[in-house]
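Input: one structure, supplied below.
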Amino acid sequence: MRIRLINPNTTESMTATIAAAARLVAAPTTEIAASTSRSGAASIEGHYDEAMSVIGLIEAIKADPGADAYVIACFGDPGLLAAREFTSAPVLGIAEAAMHAASFVATGFSIVTTLERTRIIAEHLVRSYGMTQHCRRVRAVGIPVLDLEDPNSAASARILAECEAAIAEDNSGAIVLGCAGMADLTKHIEDRLQIPVIDGVAAAVKFAEALVGLGLKTSKHGDLAFPLPKIYRGITAAYAPRQ
Amino acid sequence: MRIRLINPNTTESMTATIAAAARLVAAPTTEIAASTSRSGAASIEGHYDEAMSVIGLIEAIKADPGADAYVIACFGDPGLLAAREFTSAPVLGIAEAAMHAASFVATGFSIVTTLERTRIIAEHLVRSYGMTQHCRRVRAVGIPVLDLEDPNSAASARILAECEAAIAEDNSGAIVLGCAGMADLTKHIEDRLQIPVIDGVAAAVKFAEALVGLGLKTSKHGDLAFPLPKIYRGITAAYAPRQ
Amino acid sequence: MRIRLINPNTTESMTATIAAAARLVAAPTTEIAASTSRSGAASIEGHYDEAMSVIGLIEAIKADPGADAYVIACFGDPGLLAAREFTSAPVLGIAEAAMHAASFVATGFSIVTTLERTRIIAEHLVRSYGMTQHCRRVRAVGIPVLDLEDPNSAASARILAECEAAIAEDNSGAIVLGCAGMADLTKHIEDRLQIPVIDGVAAAVKFAEALVGLGLKTSKHGDLAFPLPKIYRGITAAYAPRQ
Amino acid sequence: MRIRLINPNTTESMTATIAAAARLVAAPTTEIAASTSRSGAASIEGHYDEAMSVIGLIEAIKADPGADAYVIACFGDPGLLAAREFTSAPVLGIAEAAMHAASFVATGFSIVTTLERTRIIAEHLVRSYGMTQHCRRVRAVGIPVLDLEDPNSAASARILAECEAAIAEDNSGAIVLGCAGMADLTKHIEDRLQIPVIDGVAAAVKFAEALVGLGLKTSKHGDLAFPLPKIYRGITAAYAPRQ
Amino acid sequence: MRIRLINPNTTESMTATIAAAARLVAAPTTEIAASTSRSGAASIEGHYDEAMSVIGLIEAIKADPGADAYVIACFGDPGLLAAREFTSAPVLGIAEAAMHAASFVATGFSIVTTLERTRIIAEHLVRSYGMTQHCRRVRAVGIPVLDLEDPNSAASARILAECEAAIAEDNSGAIVLGCAGMADLTKHIEDRLQIPVIDGVAAAVKFAEALVGLGLKTSKHGDLAFPLPKIYRGITAAYAPRQ
Amino acid sequence: MRIRLINPNTTESMTATIAAAARLVAAPTTEIAASTSRSGAASIEGHYDEAMSVIGLIEAIKADPGADAYVIACFGDPGLLAAREFTSAPVLGIAEAAMHAASFVATGFSIVTTLERTRIIAEHLVRSYGMTQHCRRVRAVGIPVLDLEDPNSAASARILAECEAAIAEDNSGAIVLGCAGMADLTKHIEDRLQIPVIDGVAAAVKFAEALVGLGLKTSKHGDLAFPLPKIYRGITAAYAPRQ
């Protein structure tokens, strides 16, 4: 099967990190086809960046209409329900996948994300996904997304310290890493903490394989039915749903 | 004060209906400046239409950066938090405004909206806005948004019938009309039902006036702070946040 | 229009503070008619004080049956639903108005109130109004209500310090002042904090204007219908509902 | 021990019914001292009636300051927290007691109450007491409270029919009778339904005995501490808390 | 009446402590018949210990089928719903009883329990019983259950210290002791704290007396109906439900 | 990898059905090792049956300590947290897996289960797993579990009819089959309904593969840490946790 892994920000080096994390866990028969969005923000750190990233996400789905499943590789899961409307293949967000995976291996988890403003967005997701009982706290390290790529930044150490605080203070049994750009830190942190540390990219890839293996497709009954055909104008004209 | 009233769909006749409803309630000193989105869907009836409407919404805000407040005149409140990031003026969604107004005049209300798929989206908003205790039921009449404009359609009668069912079955003391396109039906339905019937366009205009009168602006501390300046690529390049 | 602003405690100097705050934001065509309760407690700082204040509140409404709207100017919103039953004009509580206003300009807010015992009452209101997701914390400064009037007290400084703690610790984007007696501190604190600071008196006045402008009245279908006519005995005999 | 059982409405015949129900279950060593409120409404059927009943309730507590516990015998539990502030003896509401008892003998129950408007008030209590998961539905039979006393009314038959509907439709294992005036119907209905039927008066008396037996008193730390001493004016002057 | 008080762990000395606490509060006409489980763990400190204790619990109920009520004297309330299915007499768990009692005398309480892992289990119970609004925090002292029996341990002092922290930090008006083994500390702690301190064993005994006094039995309509008769195999063969 | 699939009831023919459903979706490299419990009920249809099935479940895990993951193939997920304590390999319940899978492909789903009493248990699981927002209704067909195996029963037709009712009445986009014994009906029903129909056995197998592929194990920090070593007595003596 082919899983289309979409980095909805436009930073190619981050796509490389994400794709590597995905390939590390993908089944031998799974092709990880990774895309960098051609439209949208260099990093996604707020509601506005998220909203502006959806067109690029849809473009990437349109460019590979035959994928067996799609993964949105940004922890805010931007455009998740729009993408589910747009295609009948399963679509997974990495925040969603990570939280669900965490709930399978611990009764409580903490999320460690990048910026304070992102923290609030993650809290909204916790509620949307019904994870209020499982997620004990969302923590932010105060590091912009793209600084995660800088080998000279202290990002890794600060993330680890925040994870240690989560264990000590939050009564949590697992950690969810709250940014696709943290994917390559998972093993390092897990080795240090000795509790499950979950990267959403890997989790989403495996759950996408699972859904495809189950023959499940996105429901086309109700709000996830294909968009109704209609005229779109202006900059979005090319994205009008067709019959 | 000037309230910028944005119809995030691209159907100008609906903007006229909305603007008329707004002007009916606006204070004498309030200018209602109404825009039709130049980008986006002819009607907004799903997650995908909503996501695709945000660029047009932001365009409309950018085109009038000095407005005292903005109203998003679509019952799904598309792009609400993105818009609040983008400007420091107050921004109100009509679903949000209608539900809050209803909670001030009744302990329980029902929402009557257009399509089944829209019904589920409205239920998500009910949860986001903390209205689970107040909103007793969301009902759909099975009428597409643009059919509301057709004088030959049975829309008005079906909406009235659904409102009557809401009173009889839901234990509700007020009705929220779940589409901007229903704005001109408010008085007709209220006359028939003899309970409060709330159109979100009117409610949002009055609450916008209230917030401006209070000197309140959108908080720039936390997730609604201005978008961080960064590079945007592709079709969204022109929407990159600047310092 | 005339808004009847009722201070349900019996301290006239506090009514003056409240009325001044109301007049500062009222529209030119709005008359702010302020009353001090003739019955009830000198300050309202608990469930008992609240319950005992309802008769005075109803007296004040009865004394001005033609007002276009009523505002209950005590942060516990005592007698709110009883008052809504008693009149068909809109009735707003200042806690209710402040929390709703805060939810329009920030995704999270903190309330800063007077005494510890009041804090718990405010937490009950947060739940009643569906604000659990928006209100991140209720804080108390440990100052009795009437001490707010004493120019020699350290009240202002302690409230400001608590607000600063709210920003630093609660992840909040706005502050709700949890006592009508704090109305005159709003601008001072907002100037210092540079985030929205919301006084419920002003918010309730503007929302009352909004509801009147919308032509909305309290629903008389359901639990807010006029009280059923019946005999009342003893001290309450004069308050019996009539047909 | 002496349990002061207060009928907060002013109808003495109802007090007799209530007292009889209480004495039927009270321990031999328990004295049931029943009072009819001297102030307030002949029947309590709304928020306004409830608010106006609190003074009479407090009068009745003041008149017997040495009781070991107090029961508020109206299903809306009017003035419950105010009464808990006012005395250090345990105070129980009959709605509260009935719901808690029901949750001990069934995983789900239905409430059958009098009027539609009362139904909504009962739903508020369900939420306040944390019974949302246990209470599957509140039902109203459309009978005014005082009609329960009329031997010629069809009240009993309609209540039974509603209880049967609750079993058939609500997936409930127990019935809570939602009015003190239904106390004498309990056994009759239970015999017919063969599931637990709970009258709050009896439940509150037994739980009051339990709390007294445990040596528990109302907490005086926090919002239930004695009212702060202060001046009360007007009609409430005599109710001012003293040191 | 006879209340069968079952210590579902197999430590007889703890049964003695529990029985003494029960007898201290039981009515003169109540026989406290205490059992130590013949099967199961020496102490119950986790999900596994709980699950393994249910057979012993059922054995104890089977051994005294004529008891008027049963109390499960372990704060995790293991096997509560299974026991309610198995018998028609009322069954109470001590965590359940303690939390309900606390909600009658305070608007907020804290639970102080033994081990960190038990803390999470207690949090689950808080949600199951609808006590999220009332229980402000569950605290653990880090002491294994059986250490409570050791006169040389510092258990008592550490529990008291944690209770004091609860009052200072949690805004709580009452304390629930989160282990049957703490039953003999109740009075000591209450004397020191001067707020209600609730031991679930005593609370469950008094509530059991109350339910028996009310003539209430466990509902046999729905999920608590007697287990359907069927074949059981292996180690559980003797526990098969019979007609 | 080897997934140990445990049917916690003692009916071998049902294990065969379950194992077949599992093998249909398992990856080529996954060994499905299926067990029938040697202890417990012939079918699990209540809290009591569930509690009595845990020993057999633990026996089955002990008998295959080296499995890479375990699946509990009964829709009540009996013993889930106890099993997670007992092993460090991932453990999945089929109700849990089915609900999570459904939430990935639809915004709302209905559960169709066997008996009314089971319906209530499923509703408890919905809450435990945070699925209140996603699960729109639990429905029961009134068929005992073992009747699902009878080719002459009308089970299949009644289940299909209930699923059709769910689509028509519940606003649901997917169906979760609420019994392991329905596993072989999945495709038949899905073909008829044309919406996703989810069997928990298949879902749990694929999610187990996913967790193993991610290298995730059950957290041993907190309440899922290995049971503390201690003495067990009586019938459970052989199940005492060891160091």
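Lettered A, B, C, D, E and F in written order, each chain numbered from 1.
To be clear about the criterion, a residue touches a chain if its C-beta (ideal position, glycine included) is under 8 Å from a C-beta of that chain, and two chains touch if they have at least 3 such contacts.
Predicted model, so just to flag it, every value in this text is computed and none were measured.
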{"item": "Chains in simultaneous contact with chain B and chain C", "value": "A, D"}
{"item": "Pair sharing more residue contacts (C-beta pairs) when A-F is set against D-F", "value": "A-F"}
{"item": "Chain whose mean Cα position lies farthest from chain C", "value": "F"}
{"item": "Cα superposition angle of chain C on its copy chain E, in degrees to the nearest 5", "value": "120"}
{"item": "Centre-to-centre distance between chain E and chain D (centres being mean Cα positions), rounded to whole Å", "value": "27"}
{"item": "Centre-of-Cα separation between chain D and chain B, whole angstrom", "value": "43"}
{"item": "Residues of chain A engaged with two or more neighbouring chains", "value": "81, 84, 107-108, 116, 119-120, 124, 127-128, 133, 171, 222-224"}
{"item": "Topology of the chain contact graph, where touching chains are joined (line, ring, star, complete, other)", "value": "other"}
{"item": "Pairs of chains in contact (touch as defined earlier), listed by label", "value": "A-B, A-C, A-E, A-F, B-C, B-D, B-F, C-D, C-E, D-E, D-F, E-F"}
{"item": "Chain E-touching residues of chain C, taken from the complex the two chains share", "value": "116, 119-120, 124, 127"}
{"item": "Residue ranges of chain A in contact with chain F within the complex", "value": "25, 27, 81, 84, 90, 92, 96, 100-101, 103-108, 128-134, 167, 171-174, 194-196, 198, 202-203, 206-207, 209-211, 213-224"}
{"item": "Touch list for chain C against partner chain A, complex", "value": "107-108, 133, 171"}
{"item": "Chain E residues touching chain F - in the complex, by the definition given at the top", "value": "10, 37-43, 45-56, 58-59, 79, 81-82, 84-86, 116-121, 124, 127-128, 144, 222-225, 227-228, 230-237, 239-241"}
